[in-house]
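Some structures to go through are shown next.
Shared chain: chain A. Partners: chain B in the first complex, chain C in the second.
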Partner chain A sequence: MDLINTIIDNTILNQTFQVWISVLFTLMMLSFLFRDNPLYKLGENTFLGISLGYGWVRAWEIAIVPFLIRPIKDAYLDFQPYDITLIFWLLMGSTMFFRFSKTKAWVANYYFAFVFAYVAGYEIPVQVQNLFVQGANMMKPLFEYPTFFEISKWFVIIFGTFAGLMYFFFSKPHRGLLGKTARIGILILMINFGASFGATVMGRIALFIGRAQVLADNVVPSIIITISITVYLIIYFKYIKKEPGLDDELMH
Partner chain B sequence: MDVLISRLKKLDRRWIFLLIFLSCIIPFWIPSLFRQEFSTSKETQRVYDIINSLNEGDAIFIDWAFNPTLQAELLPMAEQAIKQCFDKKIRVFIYYPDLTAISLGENLVEKIKKEPRYTEIESGVDYIHLGYLPIGVDMMMFSMYSDFKSTFGKEGKIFKGIKTFDDIKYMMSFAGSAHPEYYILLQRRFGFKMGVGVTAVTGPDFIPYLQTGQLDGMLFGLKGAAEYENLRLKNLNLSTEELNEEKKFNQQANAGMASLTLSHIIMFIFIGIGNLIYFYERKFKKSN
Partner chain C sequence: MKKEIPILIGFFATIGWYLEFFFAGTFFENWKMFFTTGFRSVAIVSLIVGIVSVLRVNYSKIKYNNDRWFSVYQMCIIALMIIFASLRGVSPGTPFDAMFTFGFIPLDATVFSLLAFYVASAAYRSFKIKSIESAFLLVAAILIMLSKMPLGEAMWSKIPTIGEWIMDAPTSAGKRAILFGAFLGGLTMMIRIAFGLEKSHLSD
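Let's turn to the complex of A and B:
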């Protein structure tokens, strides 16, 4: 056991090893930008495997043992009337496994019915309340804050919503006033999509910056691993894989 | 002209990837070349002001709903919020609705405790990790409004005077999804004050809640995190030497801002080129 601990301390838990692995996997994933390759696949599957394994272990330690196994053990040793609820919900939850059976799948429907009923009963009132809050905010005095931006924004919101809806009104041909309103509607929708797309790009770049910082902070491992991966990719695409596969996206 | 357009149209997209990659990495190597200043948005200012207005011993609830995949944007925000609470001696309750987020939060607090300013911060007194509960936000909120401490089954001095969620002065939800909306939906019923720290991708979805006042303060993407870093450092009232020392621990988001700006400039240039080619070709086809 000591030997295993020593090996783990000097490999996985070693700071230098962690830095190299971090840089290696970052560059392995980025190698996809050149072309789909085995290094990317290895990185992708390692990430998925570790995420699932880690998630399962944490779920077992933090959720399943303290909220299910331990209470059942306690109920077995010292049964109390309220333990019936635990057993009831355990059985109800277990009915989900009937989905694997072709003939007995209906058993799970009772549990789903309960979940749907709960979600509908809870969500509908709070969502409606939320809509009222949002709606009530549209009915504020126009000159509450007498600045150009504050006053004009209400016209944009109200007319923009109306124009956007008119674009999807197909019961009448889009000609004349309706056509012009629909045209403004699509422009407003495009501005909205553009803003969302811009925010998305900014978010994605921000995520990449997190990885770029790792590479920039560890120059030596980054350079060595980049050269190694480049050499590998040249050899792989020149001598090993010459024909593109079905799932190989060609970049041009 | 036609040769140039033809070449640009056939440009391998990997050159663009390479340029974006370089634009992100170079500012880290030569930060002095890309020094920049930016204003603070009123949503960020609001988060700062609310936490700043709390008194010593007040409590704040942090809903840590992000895992390492979103740490580039959200970790600096959470770090600054926690540090501001520690500066003001505000008690911090950190709840994790995501199992894989727990170690991220624990590591961050341990890292903060190693900084000279926060060596005396104690677990169970100044902050507590409330862990994960396998229940939804709705159930948890009802339970917290019934009995805050027993909801999480934790012990510590930190719970003194906190009977229900009513005793929590402010809550911040850090997430890269629609998760904070679960709290917003319940806010009408319980009337608690909350702010959010969200990624740039999900940020626009929360703007209507700011307009209605359901959200009190918002940190938006990496820029929001950088604004918050600057705001907190500016208001620490430190000497130049102390400020430079403090900057070593509080420039994570600011360090990325130069990369963000440069990469956006590259993108603008390519979008501009793409549009120019499109309009040029349209005009050329029309004239033919």
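Let's turn to the complex of A and C:
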């Protein structure tokens, strides 16, 4: 046990190791910009492994133990009549396992029917409420806004939303006034898509700047790992991986 | 048996939410509680099904040698996370937390930052101003990008304000129009599920 603790303290809890591993993972993933390669796949599987392991452990602590293991244990130690409902629901949930069967997959319909309908029942009032809350928030009194700048936003939001909705109104041909409104709606939607695109790109670039900052702050590991990865990629693509040629593909 | 019982289950599960509004008494409150407890238990079983599914997928990859060693490696990482959590817990400063901070966060940030290159490359190849609509899209995108970087402000001090206006007014209007449509569509779908008219979730 002492050996395990020493290994843990000198690896994952060691600050130098943490910096190196962070730089290594960053460069491994960036190697995909050159071409798909085993280092990228290794990083990808590390990403999956850590996220799944993290999710499973958290699910075990937050959900499985308090709401499944403990009630089953309590029911086993001191059975009460209402524990029958627990058994019923566990059986209902277990129907989901039939999804793995090729011939009895329909049994999982019981599970899906319950989950979808329960969520539908919950969501109907929530959706209606959201519609009204959105509408009410949109239509604040005009003179509450202090400046012309804010008032212009009010007009664009009210008429822009209306025009956007008219674009999705297909029960009447888009001609005349409806057609013109729908045309403004398209322009509003285009500005929305453009702005969302710009914001997404800038978000990704901000992430990239963050990673570049990590590399710049840790120059020695960055240089050593970059050289190692470059050498590996050269050897891999020159000597190990054989690209299927055109003739090979034609032969199959 | 295959369709009728699931539809009945669905109907009672949905209606359970509303009966207590129309009929006073503990029976309907208990009815709603019965389904709420049930949903929790069923959702937890589905977590276990998810775990089993991941194990099955990796088992099949290992068995049929489809990137076998990567699957073995992935399972080892999962096992390592579980071992770390069992040995020292999950609080900040533990190996479990360190794996997340120094493993997951750099990988996650780098994977998503890679998209910047691909999105920029795709945009360069596909964005062409062929109509008024595409001009609006492109101008909005450029203004938003400029407004979010220091260069934009250096070019013209009003660019951040214009960017803010675009985000607050037309973007908000466009989002709301889409959301209203989605809400109405979602609402219709929910009502169809409740009354058994929608059967696509039952593999029909």
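In this text, the second predicted complex is superposed on the first by the 181 of 252 C-alpha atoms of A that agree within 3 Å, B and C clash if a C-alpha of one lies under 4 Å from a C-alpha of the other, contacts with A are read in each partner's own complex, and residues count from 1 in each chain.
By our rule, contacts are C-beta pairs under 8 Å (C-beta built on N, C-alpha and C of every residue); 3 or more make two chains touch, one makes a residue touch a chain.
The shown structure was predicted, so the numbers you read here are calculated from the model rather than taken from an experiment.
Colleague: Once the shared chain is lined up, is A:Ser196 touching chain B (first), chain C (second), both, or neither of them?
Modeller: Touch partners of A:Ser196: chain B and chain C.
Colleague: For A:Ser51 in the superposed arrangement: first (chain B), second (chain C), both or neither?
Modeller: both
Colleague: Regarding the shared-chain residue A:Phe67, is it in contact with chain B (first), chain C (second), both, or neither?
Modeller: A:Phe67 contacts both chain B and chain C.
Colleague: Which holds for A:Val133: it touches chain B only (first), chain C only (second), both, or neither?
Modeller: A:Val133: touches chain B, not chain C.
Colleague: Looking at A:Ile234 after the superposition, I want to know if it touches chain B, chain C, both of them or none. Which is it: first, second, both, neither?
Modeller: Neither partner.
Colleague: Does the superposition put A:Ala59 against chain B (first), chain C (second), both, or neither?
Modeller: both
Colleague: Residues of chain A touched: more by chain B or chain C?
Modeller: C
Colleague: Answer with first, second, both or neither: which of chain B and chain C does A:Tyr122 touch in the superposed model?
Modeller: Both partners, chain B and chain C.
Colleague: Quick check for you: in the superposed arrangement, does A:Ile84 touch first (chain B), second (chain C), both or neither?
Modeller: neither
Colleague: Once the structures are superposed on A, label A:Ile223 by its partner contacts, choosing first (chain B), second (chain C), both or neither.
Modeller: neither
Colleague: Could you pull out which residues of chain A sit against chain B in one structure and against chain C in the other?
Modeller: Touching chain B in the first complex and chain C in the second, residues 30, 33, 51, 54, 58-59, 63, 67, 122-123, 127, 130, 134, 195-196, 199-202, 204-205, 207-208, 210-211 of chain A appear in both lists.
Colleague: So in the complex, the part of chain A that touches chain B is made up of which residues?
Modeller: 30, 33-34, 51, 54-55, 58-59, 62-63, 67, 122-123, 126-127, 129-130, 133-134, 136-137, 195-196, 199-213, 215-217, 251-252
Colleague: What part of chain C is in contact with chain A in the complex they form?
Modeller: Contact set of chain C toward chain A: 2-3, 5-7, 9-11, 13-18, 34-35, 37-49, 51-54, 56, 67, 70-71, 73-82, 84-85, 87-88, 90, 95-96, 98-104, 106-117, 119-120, 123, 132-134, 136-145, 148-149, 165-181, 183-184, 186-187, 189-191, 193-194, 201-203.
Colleague: Sort out for me which residues of chain B touch chain A in the complex.
Modeller: Touching chain A from chain B are residues 10, 12-14, 17, 20-21, 24-25, 28-29, 69-73, 99-100, 102, 131-132, 134, 138, 184-186, 188-189, 199-204, 208, 211-214, 221-223, 255-256, 259-260, 263-264, 267.
Colleague: Spell out the residues on chain A that touch chain C in their complex, using ranges where they run on.
Modeller: Of all residues in chain A, those touching chain C are 4, 8, 12-13, 18, 21-22, 25-26, 29-30, 32-33, 41-54, 56-59, 61, 63-64, 67-68, 85-86, 88-90, 92-94, 96-97, 99-100, 105-106, 109-118, 120-125, 127-128, 130-131, 134, 138, 149, 152-153, 156-161, 163-165, 167-168, 185-202, 204-205, 207-208, 210-211, 214.
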